[in-house]
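Sending over a structure as structure tokens; questions will come in a sec.
Order as written gives the chain letters A, B, C and D; numbering starts at 1 within each chain.
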Amino acid sequence: MTTLPDLNNASRDDFVAALANVFEHSPWVAEQVSMQRPYAGITQLFMAMKAAVERAPAELRLALIKAHPDLADKTQRAAGLTSESNAEQNSVGLDRLSDAEYDAFQRVNSAYRAKFGFPYIVCVRRHTKDSILRDFARRLPNDAAAEMKNSVEEICRIAALRLDQTVTADDRLAVHGRLSTHVLDTHSGKPAAGITVELIELAELGASRTVTRTSTNADGRTDRPLIGGRPVPAGQYELLFEVGDYFAKRGVPLSSPPFLDKIPLRFSVSEPEGHLHVPLLVTPWSYATYRGS
Amino acid sequence: MTTLPDLNNASRDDFVAALANVFEHSPWVAEQVSMQRPYAGITQLFMAMKAAVERAPAELRLALIKAHPDLADKTQRAAGLTSESNAEQNSVGLDRLSDAEYDAFQRVNSAYRAKFGFPYIVCVRRHTKDSILRDFARRLPNDAAAEMKNSVEEICRIAALRLDQTVTADDRLAVHGRLSTHVLDTHSGKPAAGITVELIELAELGASRTVTRTSTNADGRTDRPLIGGRPVPAGQYELLFEVGDYFAKRGVPLSSPPFLDKIPLRFSVSEPEGHLHVPLLVTPWSYATYRGS
Amino acid sequence: MTTLPDLNNASRDDFVAALANVFEHSPWVAEQVSMQRPYAGITQLFMAMKAAVERAPAELRLALIKAHPDLADKTQRAAGLTSESNAEQNSVGLDRLSDAEYDAFQRVNSAYRAKFGFPYIVCVRRHTKDSILRDFARRLPNDAAAEMKNSVEEICRIAALRLDQTVTADDRLAVHGRLSTHVLDTHSGKPAAGITVELIELAELGASRTVTRTSTNADGRTDRPLIGGRPVPAGQYELLFEVGDYFAKRGVPLSSPPFLDKIPLRFSVSEPEGHLHVPLLVTPWSYATYRGS
Amino acid sequence: MTTLPDLNNASRDDFVAALANVFEHSPWVAEQVSMQRPYAGITQLFMAMKAAVERAPAELRLALIKAHPDLADKTQRAAGLTSESNAEQNSVGLDRLSDAEYDAFQRVNSAYRAKFGFPYIVCVRRHTKDSILRDFARRLPNDAAAEMKNSVEEICRIAALRLDQTVTADDRLAVHGRLSTHVLDTHSGKPAAGITVELIELAELGASRTVTRTSTNADGRTDRPLIGGRPVPAGQYELLFEVGDYFAKRGVPLSSPPFLDKIPLRFSVSEPEGHLHVPLLVTPWSYATYRGS
């Protein structure tokens, strides 16, 4: 991490070195914006880099697109990715696919390359495996111009997240979302403390996986957001609340087995940078939820 | 099926023949109550049979207990069960157990026989596989006297269900429960028609299984109860409501993917003869449920 | 009350006498449909009477309209209304108006007569005082043709209700609505029994009035619908549920004073012949309601 | 207002002058705690003053009690109260009582004085008129010792609020509560912006009064708490939400008149220093509320 003032004062070479991989294998973007220093904020810096990409000659933009690796490609992974690409692909689990998932991704790469002549690019930190495949199905029918545009847009999203992790400034790029919950015990009229909550990312192919497992505090909330400080990957999730144990411990009269034990709330995330709040209002005999913010 | 008036008027032999297997391999129960005819109702007939069992000498009650087969025992099934026992065990899936389940049931049978010297008896039509095993864990620590009593109680429950399926009368035995649902679309303020609803019996060992899959009618209800005309087996269930399709068809603006798609309601049944109503109040962004009746 | 078979078999004079005032002061309607006897049902009879009105010469329809009294007119009331008109006007409280209400109705009558030359007619059993005035404001801007049509429609609604109260048959006219409630105690997971429920008709002018005050039974319902066997007058209502007493009697821990004591649900009725169900799901700390059916 | 550091550094006379009326007509309390300066915080200062009162001779404590005026006494008001007492009594509306209320308060004063020989003291800023009368009914049966204790406790609550308005420090006394709301539109899945909200204090005697009338912002909340920065007076309230207008403006299909128009939520406050959140989750056909925090 470096600071924006340091970057503003750095030599041209140091500036370019620090931002060389914000756009994959494309230090020319950093070179072009070096002269416009000083930047008042990271947002201004990012907009300058984005503008540089957008006004570049079409050949250069195509080269930028082609500089990206395929998703989940074992050969390319063996040969070595940039550390940024590697971390991004791992974040969404592309390094540990089931066979069915691996096959699905290979089909995506091949079909897309065969049609457009460049790799399928998506900002994977904003996605689950399911939503990558879903978006692919949406994008494959497009024409080449639309996909050039989409690719550049995804590349800029990747760049924004890389820049956010590289440079600190007084302002922040709007690249982070938040997923939170709270549990209100409407039997006692108080926040429900000590309820075990599990967040599971559901997968159509391959196995679902636990994102986090935590417990509610005295306010009925979790100490930290279930997901925060990063995009909330688009996809389908389940929150699992262990309310049977909670009410049993409090000595509330229950049926045997309890009518409600582990309550699942299943929902989808469609805006990775949004604030999504999914609360539970619960008694031993009823519950309700809603999309809050 | 026969009618109560017919039974009241039948010869002693025909009466006994008709009710011979209401208590497993024990026509003596029917014999004992033959003389008290006529019966004003099926409830009175059943109470007479139950009383005959309860006042029988201890040896005879033990013989009645021992006349029952083990649960899910392949050797006994091969050698032939009464058709009643066979149908009962199949109803809860004891004829198609996974290996893990089969092992679990063998352990139950052996442990129980080893301790008490008679088979583990439970009225299986009132249970799921999970709840049979759960009840076993609850009963095994008992002493022999308590288990003689529990066995006779279960035998009487089995007999009540067999009698209900053998004889029609003006009154009915209270052996049937009901599980129902309805869906209210609080976005449009109307019953939600045409929502696909699936009822799944959850299993800890082995696979969950779909009990029924149906669709809501113009009243937001299913044409028939999800389970009715029989006990609702104790155990854990999930109702799955396909609300994403429903709202999409109605042209309601949704996120992509929809925030709510297939909504699971997970709950337990603890009173097989009770009336349990599990409704869903739903908009594309919120839902609620409660235990109704 | 008479029966349809009796009417079918009656002399022409008796038939006309029985139905003379179904249409106010207009026995000619009954005369015209006498010949078409026998009627298979009351619906068929009503449709015949309605058709007779609709195909009558315009002068006759106008005479029928003019045969109706003004609403809440003290002079006409003193001079004597038909007993049907009298009962209808009393049902909605037109015999006991506040001064402000009386003035409002006089203004309505005058303005309407001044514009159209015939009285303002509305089927008052389908209305509250507020909704009569509201409808008037909606209808006054119409032209004469539209109001001839509206008047005949209201007259037919009045006639249907009078016929329903005069003749019994195997079928029934669809002139009755229903307003019902139930209370579910989601703190204990059971229907809430013994909750005092009051239904109040709200009025913008004049005082609100209690329509009924009753108590929930073991099913959490009222023994009879709050309003049933008649149209549910369009207008604004409040249901008042005394939940503080209920939970206190059950020994549930409450704050002092209780967070929730008398819960008001305020709603409007817009379809007098519809079935409207307004339930309450309640704990000492939360509640919910919805429009059910 | 003065600051704690200024008080710590002030002369003894200035210190006493600044705090002379924190305890009504009793500068001796300030005198006693002057020597213990400097105080690390306002809480420490208040605890010292409270301790001085509690260890004072019984006669002095009785004199302190007797130094307080009667509630709502016109003669005393005419003769002049301390400005603090005057503002306190006005805050709860004791300067503008209806005749019925005035009579009720006179009866309270007389009955209490007759029994105990000193005035009925209550920290009125923590109460509505109704809850003052309610508390009186609870306290009158007590014996004199209990009421000496209760009076001192109320006097200390009055003093804490006066001190809080006189002195600023880094810490704050825990004398403020908060009442807030928010409206979630579960029809559109978004916070409901632009809903008019009215908070009404209900009164059994005399008229209810509007505490505040405001509108929800883009977050579905009000810009400021409905009540904040002061105790939330114990008593019964109604929140009135104008949801009919809101949904009509958004073009949502509604019945005519709308099923839900102005929704009242009626609830009681029992902890004036607590944080009470009363939200509304609403569609045109359903709503829910709960006690949040």
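Note that in this section a contact is a pair of C-beta atoms (placed from the backbone, for glycine too) under 8 Å apart; a residue touches a chain by one contact, two chains touch by 3 or more.
Chain by chain, the UniProt names read as follows: A, B, C, D = Uric acid degradation bifunctional protein.
These numbers come from a predicted model, not from an experiment.
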Quiz item: Based on CA centres, what chain would you say lies at the far end from subunit D?
Solution: B
Exercise. Identify the chain pair with more contacting C-beta pairs: B-C or B-D.
Key: B-D
Quiz item: So how far apart, in whole Å, are subunit B and subunit D when each is placed at the average of its C-alpha atoms?
Solution: 59
Self-check item: For subunit B paired with subunit C, centre-to-centre distance based on mean C-alpha positions, whole Å
Solution: 47
Exercise. Return the residues of subunit D touching two or more other chains; collapse runs of consecutive numbers into ranges.
Key: 186, 189, 255, 259, 281, 285-286, 288, 290-291
Quiz item: Taking the complex as given, what residues does subunit D use to touch subunit C?
Solution: 131, 134, 234, 236, 255-264, 266-268, 270-271, 285-291
Quiz item: Of all residues in subunit D, which touch subunit A in the complex?
Solution: 184, 186, 189-191, 219, 281, 288, 290-293
Quiz prompt | Parts of subunit D lying in touch with subunit B, wherever the complex brings them together | solution = 186-189, 253, 255, 259, 281, 283-286, 288
